[in-house]
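Next, two complexes with subunit A in common: one pairs it with subunit B, the other with subunit C.
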Partner chain A sequence: MAKLLEVKNLNTGFHHEGRIIPLVDDVSFFIEKQSILGLVGESGSGKTMTALSLTNLLIDRNCRVDNGRVMLEGKEISLSDENCLKEKRGKEIAYIFQEPTTSLNPVMSIREQIEEVLLMHRTDIERKSIKNFIITQLQAVGIHNSEKKISSFPHQLSGGEKQRVMIAMAMVSRPKLIVADEPTTALDVTIQAQILTLLLELKENFGVSILFISHDLNIVGQISDYIAVMYAGQIVEFSKAKELINCPRHPYTIGLFNCLPNRIKHANVKELSTIQGEVPKAGNFPDGCRFHPRCPKKFDRCSKEMPPLISLKEDQEVRCWLY
Partner chain B sequence: MLTLFLRRLFMLIPLLIGISLISFLVIHCAPGKPTDMQLQLNQKVSLQVRERLEKLYGLDKPLMTQYVMWVKRLIRLDFGNSFIDNRPVIDKIKERIPITLTINILSLMLILIIAVPIGVLSAVYQESLFDRAMTVFVFIGFAMPTFWLALLLMKFFSVTLQLLPVSGITSIDFENYSFMGKVIDYSRHLFLPIIISAFTGLAGLSRYMRTSMIHVLQQDYIRTAKAKGLTMAKVYFYHALKNALLPVITILGMSIPGLIAGSVIAESIFAIPGMGKLYYDAVMSRDYAVIMAILVIGAFLTLMGNLLADLAYFIADPRIRVGPCE
Partner chain C sequence: MAILTLKDITKKYLFKNSFFSFYSGEIKAVDGVCLELEEGKTLGLVGESGCGKSTLANIILKLIEPTTGEVFFNGKEITQVREKEFRPLRRQIQIVFQDPYSSLSLRLRVKDIIAEPLEACLMEKNKILERVKELIAQVGLGQEYLVRFPHQLSGGQRQRVGIARALATSPRVLVLDEAVSSLDLSTQAQIINLLIRLQEQYKLSYLFIAHDLSLVRFVSDTVAVMYKGIIFEKGPTEMIYDNPAHPYTKLLLNSIPSFEKSLKNRKDRYMIKQDFSLNKSEKFFGCSFYQNCPKPMPCCEKQMPGLKEIGKNHFVSCFCYE
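Up next is the complex of A and B:
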C-alpha cells in the first residue's frame, strides 16, 4: 500500500550548555495509508518525543529537532518553518494526548474548543451550521446527549468523555494522520476498549492513519498493522504486527513479551518475568548497543559497537548483532 | 452562592471591629494630641483653656469610652468633625477623593495595559533579550524613589522643554476655559503624576503575570492548542492568557483600597490636594477623626476588595461557576 508518512533519520535533542543530549536518535519509519503503526517502548524511550517532533511541537525551549525529514504523501514538511507547520498541525496531522483531563483548556467550553479547529481548518462549513456539525461529530464519537454536552466545560465530563472530545476535536478537520499518544493509558479498562474500538472505526470509515503510541504491547498488538519498538531513543525493531507478535527478534522485544501477564497461560511459564535493570537516562546511554547491560544474550561486540538497523527482509528491521 | 456571599459579608463585621479597635488604640497611644497644634506654640494658653479644649473634643474621657462614642457615631455613618477646622470629616474626604481616584484609576489602567503584555511576552520569550530588558526596566521603576523621578521629570518636561505645567491640578485661568480646554488642562496637569505612579507600579503586576503565564505555558492544554494548528497569537493571548489572568483577579481585588489612598510623596511634590496629602496632614496634627475615617474606609475597601475578587473568580472560572454535574 502507498505510504502516507515517511520519517527519515529523525534526531531530536535536548540542548544544554552546548551539549546535546539525544532524545530521539536517528529514527526512521513509515506509515501506510489507512493503517495503524504501533510505537511501543518503556517510559522515557522517546516515543512521545518522536510523536511531537513530527510537527515540531516540542514545548521545552531546549528541545530541538536537529536533523531528519518528515514526508507526508511524498511532500516534505519543513520542520523549521512555523507557518508551514501550522498548516499541517490539526489539519493533516492531528493529535490525541495521554491525559484528557489536562489536555483540554479548563476555562473554555467544549463547543469553543472544537469550533476554533473548524474556523481554522474547515472553511467549507458555513458558520451557522457549525454548531450542528459539532453536535453530530460528538455523537459520532459516542457522546450521548451531545446537544447538552456541547456547552459543558471539561471538568463536567468524565475521563472517557473527555478523551472522546479530544478524538472528535482531532477528527473534525478530517486529518490524514492521527497521532495518538497513549490515548487510553489514563482511562479505565472498560473505557480503554471502547476508545480502541472507536479508533479502529475511524480508520475504517474515514481512511485515516494512526500513529498509536503505548507502552502496552498487548493493546498495540491488538490494533496495529505495523509495530515499531523503541529503546533509549532508537528504534530497535520494526516489522509487520503479525510478524513481530509471532516471532519477535530483538532480545528487548522478546523481554517485553515475556513481561505480559497473559504469557503465563500461553507458554508454560510459571513466573512473571521482568527485564532486569532500568531504561538508561537520556545523556547517559551506555557505549555499544544501548540495551546490552540488560540483555540476556549479550556478547563481546555488544558493549563495543552500536549495531545498525539490519534489514532481515522487506519491512522488517532489527537493531541487534545476533542477526 | 448568594448565601455564601451574605455569610462572607456578615463575617466582615467582627473583622472591621478588630481592625478599627487596633488602629484606634495605636493612634491614640501615639505621642502628641490634636490639641497640641493649637496650644503648644502659644505660651500664653493656660491650663484651664487646654482642659476646656480637651473636654470639648472628649479627649478627657477614658480611651474605651472614646472608642464606644466613636463607634456609635460611625454606625450612623458619621465620621465626626475634624479637630483642626471643625468641618465634617466626610466633607473633607469628599473634596479630596475625586482627584486621587482619577489619578489612581488611570494609572492602574495604564499599568494593566502595559504590564499584562510585558508579562505575557516575557513568559513566551523567557530569558530572551526582551525578557531581560523588561526585567531591568520594571525593576528600575520599582526601585527608583518616587520623589527623585518626579523631580527629574518635572525638570525635564516642565522646565527644560516647557511642555507641561510644574504642579497643581489646574491652571490659574482654569475657570475661563471651554469644556474641552478644561479637559486638556486637567490632562496636562495629571500627565506626570499618572505616568510616575504607573511606572513605579509596573513591576508587581508584570512579574506576577510572567510567573502565572510561565506556569500556564507548561500545561498540557497549551500543547493541545498548538497541536490544533492555531496561530501563536491565539495560543498565547487567548488559550494561555485566559488561564493566566485568573490569579491576577486577586491582585486587582487587593488594589481596590489603594485606589482611594493617595501617594503622600507624589501628591506633595505635585501639590495635588488628594487623599495622600489629607492623610499626611491629619497624622501630623493628630487629627484623630480624619485618621480614623481614612483607616476605616481603607480597611472596609480591603475587605470588600477580597470579597469582590472571590466574586469575580466565580464569574471568570467555569470550574467554580458551574458545578461538576448538570
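Up next is the complex of A and C:
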C-alpha cells in the first residue's frame, strides 16, 4: 500500500549550555494510508517528542529538531517554515492528547471550540450551516443528544464525552493523519474500549491514518497494523503487528511481553517476570546499545558499539546485535 | 478468621444546589458495603473511577467516618473508638498511595520519611535508625539511598520508599490504593513481586485497589466489583473471572484490552450506551446499573437487588439470580 507519512532520521534534542541531550535519536518509520501505527514505550522513551516533532510543535525553546525529514504523501514538510507548518497542523495532521480535561478550553462552549477549527481550516462550509455541521460531527463520534451538548461547557461532560469531542475536533478538518497521544489513558476500561472502537471505525469510514501512542502493549497490539517499539529515544523494533506479537525479536520487546500479567495462564505461577533495573534518563544513556545494562542476552560487543537498525525482511527492523 | 470485616458501610455526602440554600440532597459514595478480608490473603477491589473505592479505603483507615455501618479489625469495632484509643491500632493498618511523586515529602531525606511513622508511635530514638536500615533492605534498596531526597529517585524507587514507610510499624493490613498504576510496565512487575514476597514473609493482608483487571486477577485471592458505591459481585478470583455472573462484571471483563483479542469482533457486543448520571433531585430506587443493563427487567426499575449467594462464597446483586 502507498505510504502516507515517511519520517527519516529524525533527531530532536534538548539544547543546554552548548550540550545537546538527544530525546529522539535517529527515528525513521512510515505509516501506510488507512492504517494504524502503534508506538509503544515506557515513559521517557521519547514517544511524545517524536509525535510533536512531526509538525515541530515543541513547546520548549531549547528543544529543537536538529535533523530529519518528514514527508507527507511524498511532499516534504519543511520543519523550519512556520507558515507552511501552520497549514499542516490541524488541517492535515491533527492531534488528540492524553488528558481531554486539560486540552479543552474551560471557558468556551463545545460549539465555539469546534467552530474555531472550522473557521481556520474549513472555509468551504457556509456560516449558516456551521451549527448543523457540528451537530452531525458530534453524532458521528457517538455523542448522544448532541443538539443540547454543543452549547455545554467541558466541565458538564464526562471524561469519555470530552475525549469524543476532542476526536470530533480533530476530524472536522478531514485530516489525513491523526496523532493520538495516549488517548485512552485517563479513561475507564469500559470507556476505553468504546474509544478504541471509535478510532477503528474512523479509520475504516474516513480512510484516515492514525499514529497511536501508548505505553500499553495490550491496547497497541489490539488496534495497530504496524508497531514500533521505542526505548531511550530510539526505535528498537519495527514490524507488522501480527509478526511482532507472535514473534518479538528484540530482548526488550520480549521482556515487555513477559511482564504482562494477562500472559500468565496458570494459577501456580507466583512471580511476574521482570526486566532488571530502571529506564535510563535522557542525557544519561549508556554507551553502546542503550538497553545493554538491562539485557539478559548481552555480550561484549553490546557495550561498545551501538547497533544499527537491522533489516530482517521486508518491513521488519530490529536494533540488536543478535541479528 | 477474617482480620478485617466491613458491615453495611454507607457514606453519604450532602450537597446544596446553591450557596444560600439548605442541603437539598445527598449522594451515597459508598452504599451498604459488606466485605471480609482474610488474614494473609489479598482482596482485590475493582471498579471505575468515582465508584467509591478510595472512600472505602479511607473509611478502613479511619480517615473519614462512615455515616452508618461498622468496621471490625481483628474482632474489634473501630469506627466508634475515640482517636486516643485507636492509636495503637492505627499502626496495624497502613496505606501505600497511588502517586509516589506527591505522597513523599520533598524536603525530607529517605531515612526521615521512613522514620516518621516510627517517631509517631514513640519508638526509642536509638532503635529507629536500625529499623530504618532494616526496612530499606527489605524493599530492595541499598543503604546509600537513605540520605537521598525523593527527587533523586525514580518512580519505582519512590514507590519502594512508600512501601517501606507503610511497613515501618509492622502492620497487619496494608491498603494498596492503586499502588502500581502510575509505574511503567517493567517497574510495575518488580513492585508486584516485592509485594507478593513481603506478604509471604510477614503474613500481611492486602486490600488491593486497582483498575487494571488482569493485574488484580494475578494478585488477588478474592475479588469485589464495585459500581456507584455498591458491591455488585464478590467471590473467589477464579470464579469471578471464569464465570462472571453480573452483567457489569461481564462488561468489565470484556473491556480488558489484550493483544490476543481482536477489536473487530466486538462491535456487536453490548457496551455502556451513555455515561448516565442521575439527575440530582430525582429519586431513583432501582438498580443503579439499570440504564446500561443489556437485559433489564421491570423489577430492576423499582428496587435495588440484594446480594445473593449463587456459588460457594460467590455473591451477586442482580435480579437475574433471584
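Here is the rule we use: the second predicted complex is superposed on the first by the 318 of 323 C-alpha atoms of A that agree within 3 Å, B and C clash if a C-alpha of one lies under 4 Å from a C-alpha of the other, contacts with A are read in each partner's own complex, and residues count from 1 in each chain.
Just so we're on the same page, a residue touches a chain if its C-beta (ideal position, glycine included) is under 8 Å from a C-beta of that chain, and two chains touch if they have at least 3 such contacts.
From a predicted model like this one, the values you see are computed outputs, not experimental measurements.
Of the two partner chains, subunit B is the only one that A:104 touches; subunit C does not reach it.
In the superposition on chain A, contact is made by A:194 with subunit C only, not with subunit B. Once chain A of one complex is fitted onto chain A of the other, the partner contacts of A:117 are limited to subunit B, with no touch recorded for subunit C. In the overlay built on the shared chain, the residue A:39 is in contact with neither subunit B nor subunit C.
In the overlay built on the shared chain, the residue A:88 is in contact with subunit B alone; subunit C does not reach it. In the superposition on chain A, A:211 contacts neither subunit B nor subunit C. For subunit A in complex with subunit B, the residues that touch the partner chain are 52, 55, 57, 59, 61, 82, 86-91, 94-95, 97, 99, 102-109, 116-117, 120-121, 148, 152-153, 155-156, 166, 169.
Of all residues in subunit A, those touching subunit C in their complex are 42-43, 144, 158-161, 188-194, 196-197, 200, 215-223, 245, 255-256, 259-262, 264, 267, 270-275, 278-279. Chain contact summary for the complex, subunit B toward subunit A: residues 126, 217-232, 234, 239, 242-243, 246, 316-319, 322-326.
Remark: subunit C residues 48-49, 154-157, 184-190, 192-193, 196, 211-215, 217-218, 238, 251-252, 254-264, 266-267, 271-275, 277 touch subunit A in the complex.
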